[in-house]
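Please go over the structures that come below.
First chain A sits with chain B, and in the next complex the same chain sits with chain C.
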Partner chain A sequence: MIPVPPRRVLVYAIPIALLLFVLPSVVSPYEVTQLSYGLIFAIAALGFNLLLGYTGLLSFGHSAYFGMGAYGVAFMVKYLKISSMEALIVGGVVAATAVAALFGFLCVRYTRIFFGILTLALSQVLWSLAFKFFWVTGGTDGLRVPTPSLLGVGMAPGQDKMAFLAHRYYYYVLVIFLVGVAVMWVIVHSPFGKALQAIRDNETRAEFVGVQVRRYRYMAFLVSGVYTGLAGALWAPLNGLTTPDILVWTFSGEIVFFTVLGGFQTFAGPIVGAVVFNYLKTFAVGYTVYWQMFLGGVLVVLVLALPAGIVGTASRLIDRLRKAA
Partner chain B sequence: MDTFLIHLLNSLLYASVLFLIAGGLSLIYGVMRIVNLAHGNIYAVGAYTTAWAVGRVLGGAPTLVLYALLPVGALAAAALGAVLEPTLLRPLYKRAEEYQLLITFGLLLVLEDLIRFVWGPYPLAASALFEAPGSLTIGESIYPTYNLAVIVVGGLAAAALWAFVYKSKFGVILRATSQNMRMASALGVNVNRVYVQAFTLGCFMAGLGGAIVVPQQGAVLGMGVDALILAFVVVVIGGLGSLEGALLGALMVGVVREVGIALFPEIELAVLYLMAAIVLLIRPAGLFGRT
Partner chain C sequence: MSLLSTKSLVKYFGDTHAVDRVDFTVNQGELLALIGSNGAGKTSLVNLISGLLRADSGQIHFQGTDVTHQSIHERIAEGIARSFQLVNLFDQLSTLDNIALSIFSREGKTRRLFTLADHDSAVRDEATEVLRQFGLEARARMVAGGLSQGERKLLDVAVAYALRPKLLFLDEPTSGVSTREKAPIMDVITAIVRSGKITAVIIEHDMDVVFKYSDRIVVMHQGTILADGTPDQIRTNDQVTMTLLGTHAGA
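Now for the complex of A and B:
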């Protein structure tokens, strides 16, 4: 039985999806590329939030799955000379899922701070390998990822790469993003999703009701890894280069950051947070060398003043206005 | 035999600095149940402050005066800690752990750039202090005397901390608060004050680590984040919140790293993280942790 979204969800979702489809004909290619980055990070954030928001597990190691998705693509391009994006996505997601299957098996035995530290430590193993085995991974120079062919059609000869990325690749990402959102919506509203929320709210009671806590956590971990790996695979051709920067634990911190920025207690929060964070970071990096200070300051203010995030705070405001009216 | 001794000394050198960083991290966790992701940056502040102070005074001052500047970094780190705890961390003790981790992550980003803002993007050095004591001859190899001094400082710090925590009145209050904050509070302990003291002490240790390491290695951007990750490995092995654990963990990491650099440099870091992961699997709370 697949849950049907209620009308009020579709009232928001359909206009936003339509807006995303017409946007490339309105705004500049640069803006469209930025939006592609935002949507890709949103896919990662959706996956991440299945663990944080729905299962109550804070991972500080999601850079591992994002990085495996991206490096999986880069390896297939470099060593197998594959250019079909569909094949690359499958390869990247399989690589990320394999790592998530291994790491998840170890990590789901723990909760709270130990879960966070263990995920962090394991992700750093991958980072140090990518960093040290430079003859395979390119070290800090990274690996170049040329533009792939989409659905069997490559970039037309002489076509501008920017135009390709801002048009065809954007739509490619957008469709995958929308499918990903719909599938995640089904997951969190399915009995499986409800069981995860039961585990988050009260592990002992969930166990008594008959939920196999560790197995459900493991499955949530795997789904989370698949989403984050998919995001990494889509990110690699857009960025044109994979470096160990996306495997280092501070990138995991950024995933946590934008999920909380949007609001991890809501379904749409991570999506909004990822898109907003990407703009915020691009703006800050272009504006000042002290962009980390700016982002750190935003995070501190966020935690102290607006812990519900953008979407959480907005929906509370709307509720209050409705009651007042 | 000589090479063995040199390797042993290097391991101890490394372990001393790591103990100062990880011990502070662990102390803070033990008392307040907060994992301070910005702890590495506090260590970097200690290193930068000392290098800066030495650079300012350097013009012909006697070396002895320069050594007196070493604690400046530790004091600066402690002062920073004394300001940060009441302003940023205190409002969060009642909130979920996620928020505590996040605010220290925000602090990490801010401090990283604050260091760049105050001291600029280029490395600072205090190598005069490293060169002044000269070197010792061990068999057929030479070894810098300053490194031995660092090992001694690390050992003394560990001993002083042990005496402080287990033999002083403040130590009793500290351990009581750590074991049961509500009970301690009910018995008249001013928990807020203990928290700020513990956090300041933890930051002082990290700052001291930075201050004694800077003559040998210099201060560079990003040193804090690197140190934090190694300190994590130490406290995970030893057990979060345990000082004995931090000492044992620091020694283990020091030895493995020294052996790793000599024998398997490519996977030296990976081996350290795997070591932490294996310990967590066998003993989730670490070798000395309370479950």
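Now for the complex of A and C:
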């Protein structure tokens, strides 16, 4: 990946950020809420892609960190009666990071299929715990997560929850998303990010320029867990309910899907993939009971026709047009 | 003065004695050629010294320090670097970033998450200078995977050189390139190694290259050292010519 100069990035990023800020005044609250889901999934996909796109590790267990972020919030609400979103985020991220620290310690010793299977297996341990320990987790009924206070200000008495989620909560998510994108952009363009890309390209040579491969993989795993946990923490109040479904391996598969759909070899690919996937899934679920078949078809077409994903293909087309001009 | 020495170094792969009780020394400032037929144990010896393989027994001393049980990155920190027989690069990174990564690593900067790599002008300038020395400056923005075989060979050496090693192992730096490209590549490499006062060990099959550029030659055969001497001594060594060429020195 040849780095794109920051100035060229800002040319695209600023108009998109401005568009995201004005959207709530031009689209319906339902659409805004859908976009919130998309942005939250995009944060998870960014974290996931630090491992896949930049370190060359395919995890099938990222539902574990998303789920821990969500359950961390749900536990704090239920057992500690905390309603401050900032405190809930800290709790959710700490819970997800702790699990990522443990799982990462075991997983980064392996690569390729062994890494993928181990991450999947460990995430399923968490799912079974959430499923079986119903007196703590609520089992399949899950745990309710009421609307939290944002920066110390709760929902006004009588205020419509949908309006709250589509306005204040959306902007809250949007600001965290933008900060998350900026921080991740710096990370992947830092010397640390270059070391990860070196490990992805050639592990042996990376060792022979002095990069301690396992240690750097572990650091990437932790950062990835923090991002995915943050997404889970933001998702819980928006969804209003945390159930074991969010820990199942199929949700890990969806995170992989976001990233492949957008293009894992580009920085913006996972963001676009997450937002598009969320709309695709919502549309498919509302349109047909065979929505999984529809999404499966999309994935097959994608892999065969657009292996570089939406953003990867678009940027190649733009490059070709530039050269032709 | 000896920079590196091995004592009774052993590495067996089953019944194959890849390196068999080898006592090998490299002197400060020399350009040493390590030669021998395929399977003689040259690359295994370099793999043991650089840390890619663990020795079954024996010792490796570098600048008086026992490095036998050190990890690869500890040996790099001591000043041992290497290039590879089959080009080993970071193909999706730019040519400049391939070099910059060595410099970041050498300076302990690869742990930095929140600074932009491209904004470190000291590293960028040094990487550009290394590329200039190797004649690759014009390729700085190109991905390493897009370079020609000769350029990739040079970059492979440049990545190791950017670590500023005290001892540099070059494993067949001219293999896979055309005969016409060999001399220019070796001219560049030897000029840089000598001007940088780096001690270098070159594994090479091309005898023209070996005799033209090396100060001393060590010949390996079946995991042991067969001969050790100046190019003239090796050229007239009957045992070497019989073993490598199947003829007598005078023939």
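Throughout what follows, the second predicted complex is superposed on the first by the 320 of 325 C-alpha atoms of A that agree within 3 Å, B and C clash if a C-alpha of one lies under 4 Å from a C-alpha of the other, contacts with A are read in each partner's own complex, and residues count from 1 in each chain.
Convention: a contact is a pair of C-beta atoms (placed from the backbone, for glycine too) under 8 Å apart; a residue touches a chain by one contact, two chains touch by 3 or more.
Computed from a predicted model, the values in this text were never measured in an experiment.
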{"item": "Contacts of A:202 with chain B and chain C, given as first, second, both or neither", "value": "second"}
{"item": "Chain B versus chain C as contact partner of A:193, first or second or both or neither", "value": "second"}
{"item": "Which superposed partner A:42 touches (first chain B, second chain C, both, neither)", "value": "neither"}
{"item": "Partner chain(s) touched by A:256 [first = chain B, second = chain C, both, neither]", "value": "first"}
{"item": "Comparison of chain B and chain C by chain A residues contacted", "value": "B"}
{"item": "Which of chain B and chain C A:274 touches, first, second, both or neither", "value": "neither"}
{"item": "Chain B versus chain C as contact partner of A:211, first or second or both or neither", "value": "second"}
{"item": "Contacts of A:290 with chain B and chain C, given as first, second, both or neither", "value": "first"}
{"item": "Chain B and chain C footprints on chain A, overlapping residues", "value": "none"}
{"item": "Chain C residues within the chain A interface of the complex", "value": "50, 52, 72-73, 76-77, 81-82, 84, 88-94, 97, 100-102, 104-106, 109-118, 120, 141, 143, 159-160, 163"}
{"item": "Touch list for chain B against partner chain A, complex", "value": "35, 37, 88, 91-92, 95, 97-99, 101-103, 105-114, 116-117, 225, 229, 232-233, 236, 240, 265-270, 273-274, 276-277, 280-281, 284-285"}
{"item": "Chain C-facing residues of chain A, complex", "value": "1-3, 6, 183, 186-187, 189-195, 197-198, 200-202, 204-212, 216, 223"}
{"item": "Residues of chain A defined as touching chain B within the complex", "value": "52, 58, 60, 106, 109-110, 112-114, 116-118, 120-122, 124-125, 128-129, 131-133, 249-250, 253, 256-257, 260, 264, 289-293, 295-300, 302-304, 307"}
